[in-house]
Amino acid sequence: MTPQDQVVDIDALEKEFQERIDAEKKIEPKDWMPEAYRRTLIRQISQHAHSEVVGQLPEGNWITRAPSLRRKAILLAKVQDEAGHGLYLYSAAETLGSSREQMIDDLHAGKAKYSSIFNYPTLSWADVPAIGWLVDGAAIVNQVALCRTSYGPYSRAMIRVCKEESFHARQGFEGMLALARGNEAQKKMCQDAINRYWWPALMMFGPSDAESPNSAQSMKWKIKRFSNDELRQKFVDQTVPQIEYLGMEVPDPDCKWNEERGHYDIGEMPWEEFFAVIKGHGPCNHERLQARQKAHDEGNWVREAALAYQKKQADKKQSVA
Amino acid sequence: MSDLTQQEALFTYTLRLADNALILGHRLSEWCGHGPFLEEDIGVINTALDLLGRCRMLYSYAGEVEGKGRDEDDLAFHRDEREFTNYLLMEQPKGDFAYTTIRQFYADVWNLHFYTELCNSKDETLAAIARKVVKECRYHFRHNAEWVKRLGDGTEESHQRMNDAIAEASRFVNEMFEMDEVDQVMVDAGVGVDLNVVKEKWIASVDQVFADATLQRPEPEYDRSGGRKGLHTEQLGFLLAEMQYVQRCHPGLQW
Amino acid sequence: MSDLTQQEALFTYTLRLADNALILGHRLSEWCGHGPFLEEDIGVINTALDLLGRCRMLYSYAGEVEGKGRDEDDLAFHRDEREFTNYLLMEQPKGDFAYTTIRQFYADVWNLHFYTELCNSKDETLAAIARKVVKECRYHFRHNAEWVKRLGDGTEESHQRMNDAIAEASRFVNEMFEMDEVDQVMVDAGVGVDLNVVKEKWIASVDQVFADATLQRPEPEYDRSGGRKGLHTEQLGFLLAEMQYVQRCHPGLQW
Amino acid sequence: MTPQDQVVDIDALEKEFQERIDAEKKIEPKDWMPEAYRRTLIRQISQHAHSEVVGQLPEGNWITRAPSLRRKAILLAKVQDEAGHGLYLYSAAETLGSSREQMIDDLHAGKAKYSSIFNYPTLSWADVPAIGWLVDGAAIVNQVALCRTSYGPYSRAMIRVCKEESFHARQGFEGMLALARGNEAQKKMCQDAINRYWWPALMMFGPSDAESPNSAQSMKWKIKRFSNDELRQKFVDQTVPQIEYLGMEVPDPDCKWNEERGHYDIGEMPWEEFFAVIKGHGPCNHERLQARQKAHDEGNWVREAALAYQKKQADKKQSVA
């Protein structure tokens, strides 16, 4: 095969690949795919997996302090779901030829990203339901779109994740409602959590379309199906009425209903903060990575022992056979 | 003749089981997000959730038996250190993964045999709870027995860590088999479990798993005890301060 | 024009100083009985006692300024995480002795220069407190500067630990020199201290001691801040749960 | 000098030594003393020093949880005093040729003892004032006697210690009084602390005279000046009225005033527990030694660095000179 033949082959494959995508057919692990598609997906899926794993930490911070046994159980179960999501997202990324170990090393080395929202601290109990409602709520808006993403394993993982996240978001809202209907201290806690998580939640959708360079290719590949701003608008439109229902205030004086557009307008987002957090300079970037690294390091001997034991068992079986 | 009424004994009996589940679950939940790998993060939370569910059923029932209108949260968040009745083993800090594994295994084996016996309780509610719980216990036992084997018969380091953990935990073991007046009243009434029976089975199960794990169960040089009388180690106070803080700051609210 | 009344500013100003002293003293007191040797156990407690005494004077004065009848214990034990205004550096876990030494040294240098300036405050009470405090500060500074030198220029291990501690602490430094509305109102009124002045002196003192200690002061890659707005790290909540627990369980009593 | 000469010399020295003691003159570090006297004193003083150091732990356990700033300050200052007592007791023992390092190693190895009272846990705030009042109170009764002990440095250390301990005992009683005059929860806490610390405090005076084998020689040397039972009685007689003043109960149904003896009678002490605790099987023996060992181990690099720095400084001075 000459280089010329290869080029022809790849062109043909790429064409066929794009036709499958245009026809809304799923790409499966064994299918041919462009290297860039594979890399983009690995980056996106592993980033998503890391977000689930790191995302255990802010809420997990309140497990030992939850104010009632029922809330403690809901919270524990939620954090468990996140670990589960991490697990099947890592698996989905592994179908693309990446290894979990490599992905985790990249996370700890600061090479791989995770959602910036988890770099904010949880400072009161209200942050727990606020995260469930706002953060999982925003995640769902993103992920509902991803349920129809072109890569089969990712799409199927997203369908499962979305189902559980919806449940979390509802539980989160219910938790906020309990506070909103509570005493003055609880109401204050509730509003304070909204104030602190509102902008970070909106920023979960990424930079504005004008500043989002990778979007066009991802849209074409149907890895991404809506623009950042479209998704953000969707989230704002569904969330503002919920804040009003709670009897709380949207922490944005410019946020109002725009009759003409049929959408809520919002004020200028604190982008400087957004980019600082992305760059690793958010309130908890240091602590989150440190916590993960520590857990990993302290788990080394456990993983080694499990492997050694497995090997011993296999050897035993072999020597019996 | 005992001064304890059957109702008082049943309340205390149920409360003790609840306290054990709550405090052990609390220690386990401290691993959440910090486990050695993701699958075991999930595994640990799973057990913690079972323990939490268990303590909720038991607290609710205890509150009902007591008849003073205390609910699960009153009993969990508004009693102080001297009123908690869990075994001392449950409240010890989580330590490394070896200590957590050994502590959990010791508790799992106890729970498995205890709740198996409790299924025969003449108290319908306790028997019903036991029947539900015993299924979880079987799973926890299998899950943790595997870990004991993996870590005991894994690497040199893991074996050493398991031995250290066993040495550290063993002085808290015999407390789990002490029979006091409450136990006696409950056993006599056909409600409670004879802990001597549990002890025999506990030793047999632990020894069996330890044999596979190349570990040895030591006879402790001395025993610590007192949890049931609220005579705890200094660890519990800090645990409760953390666990109860929000409730204590804002008593009597809905969450 | 500021919306802050002078009274409000003075209350907040005093409260912040009190919070810093309380929280730093708390972290220091965690070493009590666990120090590297007896003389330093005593030394650590000594500083912790000074900080505690300082926060008591400041809380009492803050309560007086506020005029709502809150005493030192109300302010220390009955405010929540979002109401505490200490710098983030103060609330970080004690770490190893190197971290404690660096944190304390950073705080000592800040305190020394800050309270030296505050001696000139037009507020008689603050000036009087400052005159008392500045004597302690001089002693703390000397004591800790010696430790920085000992550990920085001691063994290879101690030098490495000091470098790690400096790397860990440095992102919390610049917060200590931020000027906000409260500071400005107080400076304008001749009551407060210009933190830019403190910063210059702080850098000079730290660099001088670090030079002897063979250590380098890094320019942090980024700064953490927010303590004064009650935007803390996740460490403070646990500290408060422990510190306030007894008071929260039994509010409004005499002890 | 023949062995015969030595024997004669020692007999003479011992006689002279005993005469000094009988004349209530102090023995000073440079004076000749019998080896057994030296050993007994090292054991007793180091044991006392260890008690001060380990004694920081039970009360220290409540520093971060003290219920008011004033109580926190009192507690901190008290624990600091204990560290100070430890320091000058170690120094007193060093005048007898022992080294602090050796004494600490003996403590950690379980060879040296410390007062059993510190092997009980502090389970509520009330334990803090209870220890100040009962434990320091009992210590004073012991130590007042020791102020006149025959060994000079020990005697002087005791005079200083006693002054501070009296202050602690008064503060402890004042703390108990605040609880006794408080609400129901505080009263309960107060009584509970008395219940738990009563017998351990009485046992601080050691076994009953009948079972105290070393006493005779120590009395002769005036290392000890009263018997265990005499001191215990003194403590009971001063403490029972204080418990009554608090409005609390003595946790001993057999404790009553004996008109004839002019003393309080007490019930049978729980000796089995006493000997178990002595043997290392008390509630906190394990934890106390572990805590001290850990502090010492984690302090290794600090002490090494301090020595290295000191040497560097000395070298520098020398090279300048």
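Note that the chains take the letters A, B, C and D in the order they are written out, and that residue 1 is the start of every chain.
Please note the rule applied: contacts are C-beta pairs under 8 Å (C-beta built on N, C-alpha and C of every residue); 3 or more make two chains touch, one makes a residue touch a chain.
Here is each chain with its UniProt name: A, D = Ring-1,2-phenylacetyl-CoA epoxidase subunit PaaA; B, C = Ring-1,2-phenylacetyl-CoA epoxidase subunit PaaC.
Computed from a predicted model, the values in this text were never measured in an experiment.
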Counting C-beta pairs in contact for A-B and for A-C, the higher total belongs to A-B
Taking the mean of the CA coordinates per chain, how far is chain B from chain C in Å? 42
Per the C-alpha means, the centres of chain C and chain D lie apart by a whole-Å value of 36
Multi-chain contact residues (two or more partners), chain D: 65
Listing for chain B: what residues touch at least two other chains? 80, 241-242, 245
Have a look at which chains touch which and call the overall pattern line, ring, star, complete or other. other
If you go through all the chains, which pairs of them touch? A-B, A-C, B-C, B-D, C-D
Going by the contact rule at the top, pick out the chain B residues touching chain D in the complex. 80-82, 171, 221-222, 224, 226, 230-234, 237, 241
Chain D residues touching chain B in their complex are 61, 65, 121-124, 192, 196, 276, 279-281, 283-284, 286-287
Contacting residues of chain D [partner chain C, same complex]: 53, 56-57, 60, 63-73, 76-77, 79-80, 83-84, 86-87, 90, 125, 175, 178-179, 181-183, 185-186, 291, 294-295, 298-306, 308-310, 312
Touching residues of chain B toward chain C in the complex: what are they? 80, 238, 240-242, 244-245, 248-249
Counting only contacts in the complex, chain C reaches chain D at residues 22, 26, 29-30, 32-42, 45-46, 48-49, 52-53, 55-56, 59, 72-73, 76-77, 96-97, 149-151, 153-155, 157-158, 161, 242-243, 245-247, 250, 253-255
